[in-house]
Amino acid sequence: MEIDQKIQFSSSNKLIHLLNISNMSREQIFEILDLAETYVDNKQKRYSDLEGRTIASLFFEPSTRTKTTFELASKRLSADFINIDISNSSTLKGESIVDMIKTLEAMSCDMFIVRHSISGTPHYIAKQVGEKISVINAGDGIHAHPTQAMLDMYTIRKYKKKFDNLKVAIVGDILHSRVAKSLITSLTILSVKKINIIGPKILMPENLNELHVEYFDSLEDGISGCDVVIMLRLQKERMHEALISTDDYYKKYGLTSKKLQSASRDVIVMHPGPINRGIEIDSDVADGNNSVILDQVTSGISIRMAIMSMIMNNRLK
Amino acid sequence: MEIDQKIQFSSSNKLIHLLNISNMSREQIFEILDLAETYVDNKQKRYSDLEGRTIASLFFEPSTRTKTTFELASKRLSADFINIDISNSSTLKGESIVDMIKTLEAMSCDMFIVRHSISGTPHYIAKQVGEKISVINAGDGIHAHPTQAMLDMYTIRKYKKKFDNLKVAIVGDILHSRVAKSLITSLTILSVKKINIIGPKILMPENLNELHVEYFDSLEDGISGCDVVIMLRLQKERMHEALISTDDYYKKYGLTSKKLQSASRDVIVMHPGPINRGIEIDSDVADGNNSVILDQVTSGISIRMAIMSMIMNNRLK
Amino acid sequence: MEIDQKIQFSSSNKLIHLLNISNMSREQIFEILDLAETYVDNKQKRYSDLEGRTIASLFFEPSTRTKTTFELASKRLSADFINIDISNSSTLKGESIVDMIKTLEAMSCDMFIVRHSISGTPHYIAKQVGEKISVINAGDGIHAHPTQAMLDMYTIRKYKKKFDNLKVAIVGDILHSRVAKSLITSLTILSVKKINIIGPKILMPENLNELHVEYFDSLEDGISGCDVVIMLRLQKERMHEALISTDDYYKKYGLTSKKLQSASRDVIVMHPGPINRGIEIDSDVADGNNSVILDQVTSGISIRMAIMSMIMNNRLK
């Protein structure tokens, strides 16, 4: 699907959908991180930003943390949150996604949070909705997961303050990971010094050169001197494609305390979750001093509050 | 099941359940439409009408739009809304519906929204509940779907102002459609000029004469000069009964722009949704200038707010 | 699993989790009953006790009444309530319960309501959570169901005023019933005069002597002169184990009006629900004058409000 990059901005270049990060500026990303920070700093748990607004979540793929953080973020902003139960919905009985969206729009829903296994679905929906309705991509196929990347940027900035001198490693199945794609895009916009990607060669994207990343097959080499190491969740069904067993994967790409020693002394270890302990990451690393995995989860609420509030606010301008 | 027509009114003839429309007066219907209109006119999104009230939805059949509009309507009236997840509930493990209802009543639920595949279930429940508890029928078997008919009356009045001179066509499987039954009842009470019903003869009710409707086998003839055309959703499983293929059904009863020309110039086209594009209705009609299908969805919220608020208010009188 | 009895109290002996009743004092139980009574006496439906708090329910076993009463109790205390949909959650895809809990904790959840088929799971979780997070056991395996026992004590006190002179009978599969275990514990702490247990011998716990109960195989003998008769739900899958047919079970242990005559004249009949009419209890008893079964349901909300509010309040001390 050809993806229109301009649709997520208004004529005055304000964010009105969040579909992917690739055409956002450094300033636009920082604006979101800064707003999220105000929610973190205030100990307040309830804001009135979205009072009277209705947010509908449509998750065509299962999810706990992303869906729950969007729900909590909506409630903390005083929105009405409607969780459309896809498995019991009419969509499965032949109604098209567009008809379902149009129907929800007619019910005065102001914003859709969409996860779908087909890349580009949130873009497609954003093109169909009325001009006052916003769409947030909560993960589409192997394409993008912009709110995850945004919370990861928040977490990195929290610990590392500046992006310019950072060396960042991303480890796992880059090819099929929407998280990895959005991370590489964000880190590139924020001009980190270096992005290393590590994993079985067959699970790397083909356009490596365009991506401004360096590929490593060795985990130790790839994370050597890195300030940030981001582990991706191993999708077992992809291992068949890579002709590698889970055991071999762990031996070669699993992050252990020992291997982590080649990274910077104050490296932070990240993971979008849910983690596979003993497969892509050892428990002593996941639960260790360098891990900021649970911090990422916490930031997920503030970041999603910031994104939803900003987008709704931009609608009024 | 013998259905008691009086149960839905208090001794002072106030509506305290909404089970079907057949014994309502023109004035009672208009009272609901008028109240719904006040919710539409006010741009306000939150009312306190049902503050401190608990509404439980029990959908024994799947639904997106009806269930969601009841949930949104409840929230906009400040009620606590509890969605009983039937598939995970004890009912399936042998508890009777009545015991489940009594249990929810003991939890101080004030109102039940019930959809069930067996005609008469909401009446049955209304007979069992305590004297302060109300039941709203959200669709029972092939019997009635009063809130749908009510929102359809709202939509018709919005576009046509008065009912007296209207010619209305209803197209599809009238026999098995609870929507059609409640529509015919409502339109009869509101004294429209003419009701035509169209579809395969085998899918028409036997008591055609009693219904004050005229039957047509030809779509063009049936909608000729009509001000309102209401298409019903084709239930594929019923087609076997009618010995007609989906293709043949479309050719004969599917609404296309061309066929619509035989209707009145300013005809409105309605459909309870979800629509089967290219089966009972063409996309150019569903999305065309005469379609008010999404308007129906929007009215669904205000109408349900009006019904819930009025019923609860009548309980206090 | 070895169960740590002290974990549910703070260093100043305040309740901070509710996992089981066995190490609670008479005073601590009464404190909860008294607080619940204030919620009952006030006709108010909305309290601010848990404003800004987030409660997550994790039911690994299906439930209607327990889950719904916790949800209603949370809403009436103004908490944000998140229902984690286990069947769609990551847990089933390999995430451990602890990782899931840690993740929810990172989302600022303040309290977990946990039901699990494995005895001890809520204790296990309580050991893992941070020091500001509380866990309430909503039923674990065959071990305990403390909030059910607590609402039963509330109901008994409401009708019988004092516990000291009471003769209480519990009828059914004591061995596998977490409700029965928590009931026996509570009644023992509250020093009732006598506890009789009745049912097939093979469904009785082995440590009968330690339990300060008397076993009867005859229902009439067991309930003779009793002030309170508590019927347990028959789990059909356990009947195979007991080598008894449902019909034979009913003949021997099913409570009928006739058999109930051997109890005290003003006996109250209780059942945790959902009831199997005509199996462990006859409809004329379940719906009769001595039945307080629906009263138990109603008390369930106030009791759970009291427990949640007290625990959260104790966290601040």
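In order of appearance the chains are A, B and C, and numbering begins at 1 in each one.
The rule we apply is simple: a residue touches a chain if its C-beta (ideal position, glycine included) is under 8 Å from a C-beta of that chain, and two chains touch if they have at least 3 such contacts.
Since this is a predicted model, take the numbers as computed values, not measurements.
Chains that touch both subunit A and subunit C are the following: B. By the residue-number overlap criterion, the interface of subunit A with subunit B counts as different, with under half of its numbers used by both chains. Centroids built from CA atoms put subunit B at 41 Å from subunit A. Chain contacts: subunit B has no residue touching two or more partner chains.
Subunit C contributes residues 45-46, 62-65, 68-69, 71-72, 75-76, 273-277, 294-295, 297-298, 300-301 to its touches with subunit B in the complex.
Subunit B meets subunit C in the complex at residues 51-52, 54, 80, 82, 84-85, 88-91, 93-96, 99-100, 102-108.
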